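Next up is a structure, given as C-alpha cells.
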C-alpha cells in the first residue's frame, strides 16, 4: 500500500511534467498543422540553460527558469517566422524543417556544453517532504508539480476566458472560418508557438535538477509526447493533459510492479491499442463531421 | 553533386588536419622515430565519460615520456604520438575511424572502449593484424587473436568489492541489483554481482533491469526498496547519479555498492556527503597513498593525478588512468619485442606468465569463458568514499576468486543468455 | 455604391473558376447569386471576403480597393461572410462562437448589448449558449453562424448556401431573419442553389454559368425569364 501511494505520487509529478510539453506539442500542431519534432530539443535547451546559468554561473534558479522560457520562446518564434510560415502550404515541409532544427539544437548544445558526461544540476530545493510517515516526495518534485499545475491552470484560463484564447482555439478548429472573424491567423500562430514553446522551456527548467542533461535527452521527451498526444486524441488539449497524467501513473506503476522495460513496451502497446480501438483518442473527435 | 560536395568538404577538412599536424615541419625536423598510439573512442554522447578522459590521461603520460626523451624500442628512441577518433559509440563511425587510424594514420595499436564497436572492427582488424585493446573482457572470442584486455576487465573486478563488503559488514545479508539491461555492460555486471553475492552468502532479493530510456528513477528505486534490502547494488555506470539521488530522497539507510562512482562530487551536490560516505566501488583516485606501495605498475600516480586535475579539473573518470595503463602495457611489450609489429608485441607480452598489471599480480586468463587467454587479471582495489574522497581499503585478487568460483559466474552468465564458450 | 466588383478572374492553380464577373451592391441592397454547381458563385463570395485573390479585375468596397487585402482586414471594413457549410467552431460554446464574431471590436459594453440582441433574435441560442456548438442541430448551427457574422457589426453580409440541408420550416425561419437583417440596413449578398427562395428574397439577381454572368436584373424579372424558369426553377 505504501509502495502504491508512493508510486501514485511519483506518477503525478511525472504527469505534470509530461502534460507541459505534450500540451505545447498539441497547441502547435493544432494551430499550425506542424508536427514539431524539435519539441524535445526545446525542452533540452531549457534544461541546458538551467545547467549553464544556474549550475555553472550561479544565477538563481527562478531567474534561470525565466531566461530558459524566454530563450526557448524566441527560438520558437524564429522557427515560426522563418520556417513554418513560409512552408505553411506544404504539411511535410514544416515537419522536415523541425527535424533540421532538432539536429541544429543538439549540435549547439554539444558545442556549448562540451564533450563528456551528462550534466547535472544540484537541486535548488533540498530535503524531502514526508507524509504519513512513509510517503516521501523530494521538495524539488513538489515544486515541479506545483509549477506544472499552475502553468496548466493559467493555460486553461487563457484558452477559455480570454479573447485571444478563443481565437487560438478557433484557428485550431477552422483556420479559414477564423480569418472570416477578423482573426489574424499569422499572429495567432505566433501566440500558439510562443505559448507552446514557453511551456517546453518551463518543462526543461523544471526537469533540469531531476535528470541527466545531455544534448540528446529530447529523444525520450518526444517519444513520450507522441504517446501522450495519440492516447489523448490528436489536437485535444484536455485529452493531452488527461493522457499525460494517466500515462505517467500507468508507466510508474508498471515500472514498480513489472519493471521499466515492460513499462516502456506497455506504453507503446497502449498507444497501438488506442489507435486500433479508438483512433481518435480519449478525448478526440471525429474529423469527418 | 551532393556527394562530390561532401567529398570536397571531407577532403578539405582532412587537408586542414594534415597541414596542421602530420606534415608540420617540426615532425620532419625531429631526429626521433615515432610510435603512434590510436584511440578510437567515444568522446561525445552517453559513452563519452568512458572515452574522452582517457585521451586526456594518455596525453599526460605521453608528454611525460616524450619530455624524458621518448621510449627506446629496438635500440632507437621513439616519441609517442596519439591519434584519436571520436566514434560517439556509433558502430559505423567506429569502423570508419578504426580503418582510418590503421591505413591512413598508420597507428601501431588501437585502444577502444569495447562492446559492439569492438565487435564491428575486429573482423577487419584480424585480417590486418591490428593490435587492439578493449576494457570489456567479454569482447574476447576464439577468433580475436589480436584483441586484448590488459587493464580493466569489466566486470570481473566487482567480485572483490562484494568479498570485502561481506567480510566487513557481515550483518548485511540481502541485496537488490539495479542496472541497464544491455548485453555489453549491464547484464555482464549483473551476472558477476549475482555470482559474487552467492559466493559471499548474500541473497539477491530483487533485480531490476531497465532500458536506456528511463528518465525517472523514482519508481525503480521505490520498487526495489520495498524489498527492504541491506545492500543496494548498482551494476551500472550510466545512472549512478540519479539512482543515488533517489536513494537519498527515499530515505535509504543501507549499504551501497557500485561498479564505479565517477563524478561522486556531483552526487554529493545532489544529496549529501554524509549519505554518499560509505559507498563501496572499485575505481580509486590516483592521489591515494596506497598507490605508492610496492607492486603498483603506474609511474608516479600522485603526480599524474595532480597534473590531470590541473589540466582537466572536472573530467576525471575511471578511464583517465586505464587507457594510459594499457598504452604502457603495449610499450612494455614493444620494448621487450624490440619492435612495434603487432604479432611480435603480442608474443612478447603473452610469453610473460606474470605480465605487468597496473595493480600487480597479473596473469593471462579468459580461455575458460571466452576461448582465449587474452585478458590480464590481477589484484584490484576496493574503494570506499570517506569524507567525500575515494579511498582504497584493500587490494584483492580477482584471479584467486575466479580459480575457486568461475563455475558460479558461468552459471549466472548463462542464465542471462550471455556468451561463454563452456 | 457600396461594393463594386469589376471584371474579376479567379484561378485555382491552372483552373479558372471565375472568368470575368462584375457586380454591384448598393447600401442596404439585397442581391442573389444563383447558378448550378461550379458556376463560380462561392468563389465570387470567397474573393470578395479575401479568402481568394483575383488574378485580374478589381473589387472596391466603400471606396477602398480590397482585392489584395487579407480576409481578417476586410472584416474590419464591414464585410461579414457566413461560409458554405456554416463552419461554426464546433468545440467552442455558442456564446464563445458569438463573441469571436466581435473579435475585431473593442467596445466591450456594446458587444454585450449586441450579444443580448442576437440572443433575443435567436431565442434557441439563448437556451444553449453554454453548449458546445457541435451539439446543435444544423439549423441552430446556421443561426450561430449568422449571429456570429452579425457580431462584427457588418455593413454587408455574404451568405453561402444558408438553406443547404435544412428542413423547410427552418429555411423559412432563416429567410425571415435575412429579411429582418436587410431591413435593419445591412446589405445582403446571398448565394443559393435554391433559386426560387433567393429570387423571392432579393431585389437584384445575377445568374452565373461556368464562371460568367449569364443574366442579371430585377429579381422579379428573372423569375419570369424562360431560361431561368427552365434551368433553375424547374418549371
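To keep things simple, chains are lettered A, B and C as they appear, and every chain counts its residues starting from 1.
The working rule: a contact is a pair of C-beta atoms (placed from the backbone, for glycine too) under 8 Å apart; a residue touches a chain by one contact, two chains touch by 3 or more.
These numbers were taken from a predicted model, which means no experiment stands behind them.
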What graph shape do the protein chains here make by touch: line, ring, star, complete or other?
-> line
Could you name the chain whose Cα mean is nearest to the mean of all protein Cα atoms here?
-> A
Measuring from the mean C-alpha position of chain B to the mean C-alpha position of chain C, what distance in angstrom results?
-> 76
Which whole number of Å gives the spacing of the CA centres of chain A and chain C?
-> 41
Between chain A and chain B, what is the gap in Å from one C-alpha centre to the other?
-> 37
Residues within chain C bordering two or more other chains = none
Footprint of chain A on chain C - complex, ascending = 49-51, 70-73, 75-76, 80-81, 83, 87-92, 96, 99-101, 103-104, 134, 148-149, 152
Residues on chain A engaged by chain B in the complex (per definition of touch) = 2-3, 6-7, 10-11, 13-14, 110, 115-118, 120, 122-123, 128, 130, 136-138, 141, 207, 209-212, 214, 216-217, 220-221, 223-224, 251-253, 255-257, 259-261, 263-264
Which part of chain B faces chain A closely enough to touch in the complex?
-> 43-46, 48-49, 52-53, 86, 181, 208-211, 213-216, 218-220, 222-223, 226, 239, 241-242, 245, 249-251, 262-263, 266, 269-270, 315, 317
Can you check the complex and tell me which residues of chain A touch chain C?
-> 163, 166-167, 169-170, 173-174, 176-185, 285, 289
